[in-house]
Structures are given as structure tokens and as C-alpha cells.
Amino acid sequence: MSTTALLRADRLTVHIGPIAILSELSFAVHAGQVLGVIGPNGAGKTTAVEVLSGFRRGTSGDVLLDGRSIARRSPTQRVRLGLARTFQESPCIDGLTTGDHVRLALSAAPQRSAKTSVAAMLERVGLAEHHSSAAASLSLGDRRMLDLARALACFPRVLLLDEPFAGLNSEQEKRLEAAIRSHTNAGGGVLIIEHRLALLRDTTDTVIALVQGTCVAAGSMQEVLDDARVRSAYLGQAG
Amino acid sequence: MKFADAWPRRFRPDVSLLSVAILIAVAPALLGGTRYAYDMAVVAMVYGMFAVSWDLACGTTGELSFGHSFFVGTAGFTAAIVISRFDVPPWAALLIGAGAGALAGLVIGLLTLRHTGPVFTLVTMAAQLTLYRTVFVWGSLFGGEEGIPVRAQWLDEPRSRWFVVAVISFASVVGARYLLRSSFGLRLKASGGDRRVGQSAGVDVDVTRVKGFTISGFVAGLAGSILVLHNAIANYELTGDQLSGMIFLLSLVGGMGTLVGPWIAAFLCMTLLRELLYAAGQWQSVISMLVVFVLLWLMPKGVMPEIAKRLRWRPRLAGSRPS
Amino acid sequence: MDLALLILIRASTYALVAVGFALVFGSCRVLNLTHGFYVMLGAYATHFFAAGLARLGVSVLREPLAVLCAAIATGLFGWLFFKLMQVTRRTAPGELLALSVAANLLGAQTFQILFGTAGLNVAPILQGRMVLGHVTLAANDLLLPPCALVAVGALPLWLQRTRSGMALRAVADDADAAELMGIRSPEVLARAVGIAAVLAGLAGGLTAPTQTLNPNMWIHPLLVSFAVVVLGGRGRIWGSIFTAFLIAFAEVTVAWVWNETAAGYAVPMLVLIGLLVRPGGIAQGMAHEIR
């Protein structure tokens, strides 16, 4: 295994006034591996993804893709460099069809593909029949799969998935797991934020736990869940 | 705007483009075949280009520009100035005018970069009003109230002028249609939606938007320059709110986002409606505006989408967007 | 200082005109683009009401009565138009915008034909002029600051203390929740539009004596209202007032240093530069929101 991580977060810090949303957060996503990110609400998980993907600027710290800093790059540039993400709300563009969203990503991706790839992409996520439907008319679960398809259509090396399992039925969950697996088999890396720990158990290789903006535990799923600080954060939350 | 899935994809565009071609071809004869008829058709085709240009910028991004005459005025006055002061030949002046229009488009694109909705509209209004005022304030350059007379030999035979403008106008519709069907067109439409989606698909939303406006400015500029040559004058009307308002309303009547709808609406307004209302004398403008109002009231999405909806004789396919 | 008084008067005018526009935008997110037209309507209506009252033999308080009638008539007109849109279900933002623009241009062109060359005038409520330093003021203009003050002062009170005002705030915050509480939001919104039109008509009537009525009178008030809302924080009262002063200050100063024509650049330039510098509007962070 190479020592250079595919994606590395180096002491990410995000301050809003006196409040630290992220504090010296460091972790790495390696090629062919899945990193899980867990933590109570408000821990800063989505913020971390926002900073990694360029939608938010950190107060300090660096983001490195293949060892090279991309902290100054715009989100679009990061996509072109191979970093794609999904969104918690799975937004879509009114007026465009499902197929359009995938075509959009494909046309911007370095490997330009013919129209067949749109169908293939949609087939992978189970949306083939919705090819010409307005994206806005899709159900929530379908929109999440479209978001995934759009991210995959960027042919990324690293996938950042923000609570991708929420709102999916079991067939869609299987498709998502399959997509993650084939991505890692091809040498890509994945970062997943998830609350449904049972799902993460089988998919991830390493897990980190975020509490109040810092990483309090890292390791396998079991190790992290056994960690006292993680337990208190979760159990304290449930109160 | 999506047409009914009832029409096979390849058949669809031909119908609307065919309508444009037919309208262009028959208009002069229907209007009387006189020199006046050909001149009227030329103006109508120019307005058609104005509408197409508006729809390119606004039908895609979903913004509402009230200042489109900023493009027209910049281009028209540029063309007039280079002809009258620098003796530039008319064809070159057309291109220079179109280029000036593109530049105006670029400026507006940059000025409105992160603004949407009412802010966008206000900025376009402000730009247009600024130019309008400058025409009077800087009278030595812009000719003030009288404007700049343009004396140039340009296709003085009415039928040849009509033919050339017809080709240009039709080409602009076809070109715009082709552009919107391309991946650039898709990116342009994406730039009007949630920024994050476009960006996370690898689309530089800002650059795309600016490019879209530049192209829109080019088309409006070309049309404006043609109008200046045709009318042999460039004056404040080129950059006035009347023109901006008409372009805006006619495009909406035609159907925002359909390209052909706005062209046809503008064309029919400047030919059919003008002819029908000729007898009304000074009440012409009021009645046209009333017609526009009623049309917008009856068909808020525009005439073209409404027709497309009515022609949908097949039951709606599963998954298509409810109206 | 004499200029200060001029600025105050103009700012009062703009505040009076814009606060209604801001109210409507702040509560229904609707750009009532006929707003400038209502100002013009108020001015013309004052002329015709004055003429009508004269014919009825009214001589005492004719001018104030004319202004009042004009303001109310304008309010009714605005309310009716909005009601018409509601009844025919054309109140989606895009549709309403387009129809407002069309109605506006329709009205403006009708006025152009009917009154274009008429050169109508309105008699002032307060006669006479005052010379203060370098500036000549019409006595009638002194009515504007107090009227604006009352309008701008009464509005927050109305919003906070009265049922209809609170209903509007409820609708502005969450129309669905308001419906669930029994508030009929179409009525509430129409009332807001009516109030805005009354204020616009009032402004039109009060400023009419110092100008010759012309069918293009609607452009500047609309631009100012629009600018006040966009720069002043999208519906916030204090932001709107502040921006009204800013615009008045810019115009008067430019007119003073150069000339009146140059002053016409003040608003567009303010908009363009203001938005470049502060995309969120000048009054970002100012309190006292309408919605």
C-alpha cells in the first residue's frame, strides 16, 4: 500500500467567530479504501465534507489530493481533479431531466463519453426508466440515487458521500453498496458520513468519530464504538 | 421547456423551425408585397433576433432581464459611430456592432455574477438606464435627442436586404437552438439552478453564465446593428425602456425557454399586429399592449408551451412532470 | 443647512414611496412593479379630484381633500388589480411580475395618449416658496417629512400592535402556518398591496405640485423603490429608510455639484456600485425586519 493517501485532510480548522466548528481535524482516505465518519449531530461532519469539496473555506489547514494541496481550488476544479461528492439534501436543477443531470457531469468529465454512458449510469443506480423525467419530480430516494449517479459520472478518484443511505429502499441500498464496492475495487477512495452504523460496519475499512469538531477516535468500527469518549458522546446525546 | 413526449424527438424541432421559415417566407407577400411590406418584415425579423437573444440569456438561467436594450443600444450606437465617423463599410460595421454587443453582454454577465432574481433584474435596469441617460448627456458622441444619422449603402434594394436579414435571423434561431442542445447549452441551463449541483458536476457556473450573456449580447448586437443600418439612424429608442419592456414581454408571451416562441411572438407583433392595428392610429401601442397583457393572462407560461400542451394527445407518460 | 433640508425632503419622498414597496416585497416576496405607476396615478388623480371638487363648489381644503381622495383611489385601484390577479389565480411570482410589467406599460401608454401633451398641473396644499441660502423650496414640500414620518412610524406599530398587521407578519413568515391558524393570506396580502398603493398615491399627490405631470413619471419612483428594497436589505424598514436617505443624499449632492441631469445617474450608479461592493445590500445586519 502506498503511503501517500489519495485524499488527506491536514489540521482542518473552521471558526465562526469564537466557535470552532472544526478543530485541527486530520484524516486520510486511501486508495481502494472506505473511510467512515460518524458522530453526533452538529459534530461538524458535513462541514468537513464542505471544506474538502471546496464549498467552504477553512480558517486554516490544508486539503491534499494525491499529496498536492487543493485548498485554493474551487469546487469545480476539485471535481475535475477527481474529487466528487453528494449532498445531504440531494438538490437538483429544476427544468432539467434526470438524464440531463448525468449528461452534465459526463460532459464536464475528462473522459468524454457518448450518450450510451448516460443510460449505463442511470442503469447502475436504477433510474433508467426515469431518463426523460423532470428531476424535480423524482421521489426522495430516486433523487439521492440521481445525486450518486451525478457524482459517479464525474469519474472521480475520491467519492465524498454525505449520509447516502438515508431515504433509500433496500434495492437502492444494495445498488449503493455495489457502487461503492466497484469504486474501491477500481482503486478509488470513499468517505462516507453515516448515522446508520449497521450499514457502515460492512462497508468501511476505517472509521473516525467526530465530536464537536475534533476526531476523538479512529480505527475499525468496533474499536471506535468501544471508545469511551465516543460512547459518552452518543449516549450523552441520547441522554 | 419540454415538448410532449408524443412527438418523436427528431420530428419536434423541425416543426417549430419550419414555422419560422414559413413565416419568414410568406410575410412580405401577405403584407402586400410592397417595399413597405419588405421593410416591415426586416424590422420584424430583427425583433425576432432580439427575442431569441433574450431567451438565450434568460430562458436558460431563469433570470429576467429588463435591460436588454443595453446590448442593442451599445451595439447600435457603436455601429453608427464607426460608420459616421470612421467611414467603416457597413458589413464591417455590422460585425463591430455585434462585437460591441458581445462586450456589453460580457459586462452585464460580470456585473450580475452572483446575483439572481430581483437583484439581477435591477442591475440590468440600472445598466440600461445609465446608457439611456448617457445618450442625452454625451450628446456630442451619441447625438442627443436627434441621434446619429447613418448614411451607408447597404443592400438598398428592399428584397435583397430582406433576404439577407432573413438568412441572418433564421440562422440565429437555428444557431441558438443548436447551442442549447449542445453540452454548453446544458451547462447554461444548469447555471440557472442550484449552484451546488452545477459545481459538483464539474461545471464552472460563473464562467458559463458570462459566456451565455456574451453570446446573447452578440446576437442582440448584430440585430441592433442591422436595425441601425435599416433605419439609417441610431437614437435613444435603441436603448430605451420601451424596447426593453417589449422584448421582455414578447419573449414571455412566446414562451420563455422555447427560443422559437419568443421569435414568433416578436415577429407577429411587428407584422400582423401592426397591420391589424394600423387603423387604430395612435392607439396602436395601447391596443398591442392590451393584447400582450391578455395573452399573458390567459397563457402565463407563454403561447408555445400552451400549444405544445394542447397537442399532447397521448396520455402523459409515467414520470413526466405534472403541469 | 439648506441642502440638508432638501435632502430631508427628498429622502422623505423616497421613504414614503419605497416603504410600501418594501412592505409588499418583504411580506409576499413579490416585486410589485406597478408601484411607480401608482405614484403617477396618485399625481394625476389629485389633479382630477381637485377639478371635480372645484366643480362641486368645494373651495375650503380642496387641495388636501384632493390628495386624500387620490391616495385612497390609488389604494383601491392597486388593491383591485391585485385582487383580480388573485381571483384569476395569476399570483405565482413570475406570472405576477410579467402581468405587472404589462399592466404598467399598458397604463403608461394610455396616459401617454390621453395626457401626453396636456401638461397638467396640480395646485399645492401649501402655497408659496421659501428661499434658504442657495436653495429655493416649495412650501408644499415641507409636508413630506411629517407625512413620511407618520407613515414610516405607523407601519411598525401597525405590524406589531394590530391584528391585521400581525396577520401580515404571520403570512410573511409562513403562509401555510398562517392559513392553519385561520388567517386568510390572500386577503392579508391584498391589503398590504392596497396600503402600499395608498402610500404611493399619497407621495404622488404631495409631490405633484412641484412638477408638470407627464406620462413617464412612473420610471423614477419605481427605480428608487426597487433600489431601496434591493440595497436596503430586502424589506427591512430601517434599511429602507437608510437607503432612501443615501439615494436622496447622492442625488442632491450630485445635482448641486454638477447638474440635475447628472443627478439622474445617481441611482443607477449607486445600484451598480453598491451591489458590487456589498452584494447583500447596504443594510445587511440591520434589525427590524418586516418579515
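As written, the chain order gives the labels A, B and C, with residue 1 at the start of each chain.
Basically, a contact is a pair of C-beta atoms (placed from the backbone, for glycine too) under 8 Å apart; a residue touches a chain by one contact, two chains touch by 3 or more.
A quick note: this is a predicted structure, and the numbers were derived from the prediction, not measured.
Arrangement of the chains shown, judged by which pairs touch: a linear chain-to-chain path with two open ends.
Note: the chain lying farthest from chain C is A, by mean C-alpha position. Computed from the mean C-alpha positions, the centre of chain A lies at a distance of 50 Å from the centre of chain C. Inter-chain spacing, taken between the CA centroids of chain A and chain B, is 43 Å. The centroid of the Cα atoms in chain B and the matching centroid in chain C are 32 Å apart.
Taken residue by residue, chain B touches two or more other chains at no position, since every residue touches fewer.
Among all residues of chain A, none touch two or more other chains.
Chain B makes touch with chain A in their complex at residues 2, 5, 62, 183, 186-187, 189-190, 192-194, 196-205, 257, 318-322.
Chain B meets chain C in the complex at residues 64, 66, 111, 114-115, 118-119, 121-123, 125-127, 129-130, 133, 136-137, 241-242, 245, 248-249, 252, 282-283, 285-286, 289-290, 292-293, 296-297, 300. Per the touch definition, chain C reaches chain B in the complex via residues 25, 31, 88, 90, 92, 94-95, 97-99, 101-103, 105-106, 109-110, 112-113, 219, 223, 226-227, 229-230, 261-262, 264-265, 267-269, 271-272, 275-276, 279. Within the complex formed with chain B, the chain A residues making contact are 53, 55, 74-76, 79-80, 84-85, 87, 91-97, 100-101, 103-105, 107-109, 129-130, 132-134, 136-137, 150-151, 153-154.
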